[in-house]
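Here the structure comes first, spelled out in structure tokens, and everything after it is commentary.
Chains: A, B and C, in written order; residue numbering restarts at 1 for each.
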Amino acid sequence: MSARDVLPGLMLLGLLALAPLVASNAALNFLLSSLIVALAAQGWNLLGGYAGQLSFGHAAFFGTGAYATAILQLRYGVNAWAGLAIGVALGALVGWAIGFLSFRARLRGSYFALVTLAFAEVLRILANAFDLTGGAAGLLIRMAPGAANLQFPSRATFLWLVLAVVAAVLLLTAWIAGGRLGARLVAVRENEDAARALGVDALRTKLGAIALSGAITAAAGCLYAQNFLYLDANIAYGTWISVEVLIACVLGGSGTVLGPVIGALALHGAGEAAKIALAGIAGPVPGIDLVLFGALLILAVAFLPQGVMGGLRRAARGLAR
Amino acid sequence: MFPPALIAEAAVNGLLAGAAYALVALGLTLVYGVLHIVNFAHGALLTCAMFAAWGLHAAFGLDPYLSIPPLAVAFFGLGYALQRWVIGPSSHGDDGNTLLVTLGLSIVLENALLAVFRSDTRSLGGDAGFDVVEVGPMLLSYPRLVGFAVALVTAALLWALLSATDTGRAIRAVAKEKLGAQLVGIDPRHVYAVTFGLGCACLAIAACLLLPTFYVNPRVGNAFVLVAFTIVVLGGMGSIPGALLGGLFVGVVESLGGLFLGDSLGQLGIFVIFILVLLFRPTGLFGPRA
Amino acid sequence: MSLLKAEGLSRRFGGLLAVDNASLSVPEGGLVGLIGPNGAGKTTLFSLLSGFLAPSTGRVTFDGADVTAEAPHRRAARGMARTFQIVQPFAGLSVRDNIAVGAYLRHAGRAEATRLAEAVATEVGLAPMLNAQASSLTVAGRKRLELARALATEPRLLLLDEVLAGLNPSEVRDIIPVIRAIRGRGVAILMIEHVMQAVMNLCDHVHVLSGGRMIAAGPPREVCADPMVIEAYLGHGAAARIAAGGAHA
């Protein structure tokens, strides 16, 4: 792993850790939700960015993590930290299972995108219908501030926790990207047959990617549940999260270490700015941030290969010349 | 257990509803068969078409069936422009990019409609949507019968266009052998755009047929998009008869599923079929074996 | 003892029998050629040997083990590496990283894999290009990259599918010593080749495939004089005409 990839990211996260000193509560809430999406996007990045398997259904993992923590606490009295660990493990398991079924059937490209979307929708419909998940009414986690319950009286503490997790995943991603697994993921993305000829077990590599990806995105779901203390099927398994993590990665630079974090912050920042700007003129307009997200996705694909990170790299190379 | 007559009626009504699905799927499969891309914006474009048909009715009292010709032409133009100047150039010829661009387009369209029309649900009003025709022991919905007939006619016209006109020949040439078509002077960008336009025209027709029995809101297309994908995969990606048969089949499954499982789980059947077909017969029920 | 042995391999595509009861063997450290007219089924046979296609009938053994049903990556782990006739570089990666993917097969650490990648690059003459993007290489460069990636897996047997095709004569001249040096290290090679000069120069044994069947095998000079082989390339009656022409001269 090279320091050049990680240091700017760690510095950025360190800077954000100082936010509670200056920022309002509303700003901290905004930062928290952006960072949770960033974490989920870091998960997407391993599968969609490095391994090149575009998933349209990462809500399947996010929701599994969120529901696992909530249900374990509410129905079985499990400690929230243990719930987090189990949620992450379940995310990996769901990822592995979806991967096993679809990669064994040799689904790739659009077919893989569609099948992941369908899996997420199935989970959403089920969560909406069954009592275990609270049905359409959703689940309310009891408010019980205390470190043991993974709830904190101050926003700042939770922000620092989320920042620490994002930083840990950043280091993990850099470590993977610089080593054998990273090389194999990219090889499978670029040319699966050539990779197989060089001794890469493509199925196992992709399964590793989707399990890891599912675990990380599930962790984001767990933290989401602990932060907002409320869930329903359209939040946990809704298409919004599948779409936001994908756009964050593409915008920030999919297949780069720092891309998902930069992308998520930029995306949410732009969305918030658009909402505020328009609210001044026309009052609150629903969906306007999403119009912007969609437009940014198209523009990033059209003009920014490898997203903001790729653009920065090209600019740096241009300056060096 | 339900009496057989009720089941038969549900099955026939499902078959009729399936015709509209088939029409939506027809556009999708045509675009896939020629451009080899999955158009994720299909659902959002359908929503746009339904809003357009609703708007013509609300503003000028135009019957949705009479809106078919102008809307089909307008959506052909819209589809042509989108593919030629937005989707095509921004994808740089990469399938993954096309998927992302059409996804972006669907997000933009859906939420732009949300920003303008808000999330209220609208319908034509009146009770023309509830007209029924008595056929033997069964009561069949009149608008659905019309929809069934128009869908069949549209599919036949599309078939004729593809097999008997120069445009159709160019489309088939590009679908089969892009480079070869280019060498004999066909511009694939134009053909792609025409095909995409035809797909959107199918959507406009479907929208006009759906409107009398359905409602419209900015997210209504979502209900159709996965159903349409299911149909297309079921019928074999790119196959027109497959889309038609798949559409009718899915209509029946959905109607019977709703009858037996109730509405909340009735949708589940579609997704389960979709996943199973993708996993076990990705070339479709009627396509060649993998 | 032969390192690679194929016995009675057949592969059917619908009504077409692309490979029909073909057998061949490559001895430990040997350099064997596989020639034949276009469409003879050479690349299909390679896919059967390397595991990218399953044979309809027949058996492949490598180093005494039956590998007929094994996936390509397992065969690579056993020491069988192949190149592709249509080069398949990892376009978005540098030359170094391309080769490292092969090197990672037997070296888990980045430092070791990179070191091996650089050594292999030097061996095939790609050292000056290590930092270049694979997509920026010329045809000759890409062919060398195919070779380097396969070599980085430290194989005991290399299956080379037309590594010389598309190269100009001076490029062919440059790469022949590279192949000879690889063989000199004890790596057995089975090569599909159209450049006959190279086959005559390099191989100790040649198999000829025509219409999916093995029609001849032996030392290169003998095989080239075989009337069956001449007819396979030049058409029915060609051997007799050439013999008659030779008698007149």
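Rule of thumb we're sticking to: a contact is a pair of C-beta atoms (placed from the backbone, for glycine too) under 8 Å apart; a residue touches a chain by one contact, two chains touch by 3 or more.
These numbers were taken from a predicted model, which means no experiment stands behind them.
> If you take the chains that touch chain B and keep only those that also touch chain C, what is left?
Intersection of chain B and chain C contact lists gives A.
> Return the chain label for which the distance between chain Cα mean and whole-protein Cα mean is smallest.
Going by the distance between chain centres and the overall C-alpha centre, it is A.
> Could you find the chain whose CA centre sits the greatest distance from that of chain C?
B
> Looking at A-C and A-B, which pair shares more C-beta contacts?
Spelling it out, more C-beta pairs touch across A-B than across the other pair.
> With chain centres taken as the means of their Cα atoms, state the distance from chain B to chain C in Å.
Using C-alpha averages as centres, the distance is 49 Å.
> Taking the mean of the CA coordinates per chain, how far is chain A from chain C in Å?
Chain centres of chain A and chain C, defined by C-alpha means, are spaced 44 Å apart.
> How many Å are there between the centre of chain A and the centre of chain B, using C-alpha atoms for each centre?
Whole-Å distance between the two chain centres: 32.
> What residues of chain C sit close enough to touch chain A in their complex?
My answer: residues 50, 52, 71-73, 76-77, 81-84, 88-93, 97, 100-102, 104-105, 108-110, 113, 149-150, 152-153.
> Can you tell me which positions in chain B touch chain A when the two form their complex?
Against chain A, the touching part of chain B is residues 37-38, 86, 89-92, 95-97, 99-101, 103-112, 114-115, 118-119, 218, 226, 229, 233, 264-265, 267-268, 271-272, 274-275, 278-280, 282.
> For the complex, give me every residue of chain A touching chain C.
178-180, 183-184, 186-187, 190-191, 193-202
> For the complex, give me every residue of chain A touching chain B.
For chain A paired with chain B, touching residues are 52, 54, 56, 101-102, 105-107, 109-111, 113-115, 117-119, 121-122, 125-126, 128-129, 243, 246-247, 250, 285-288, 290-291, 293-299, 301-303.
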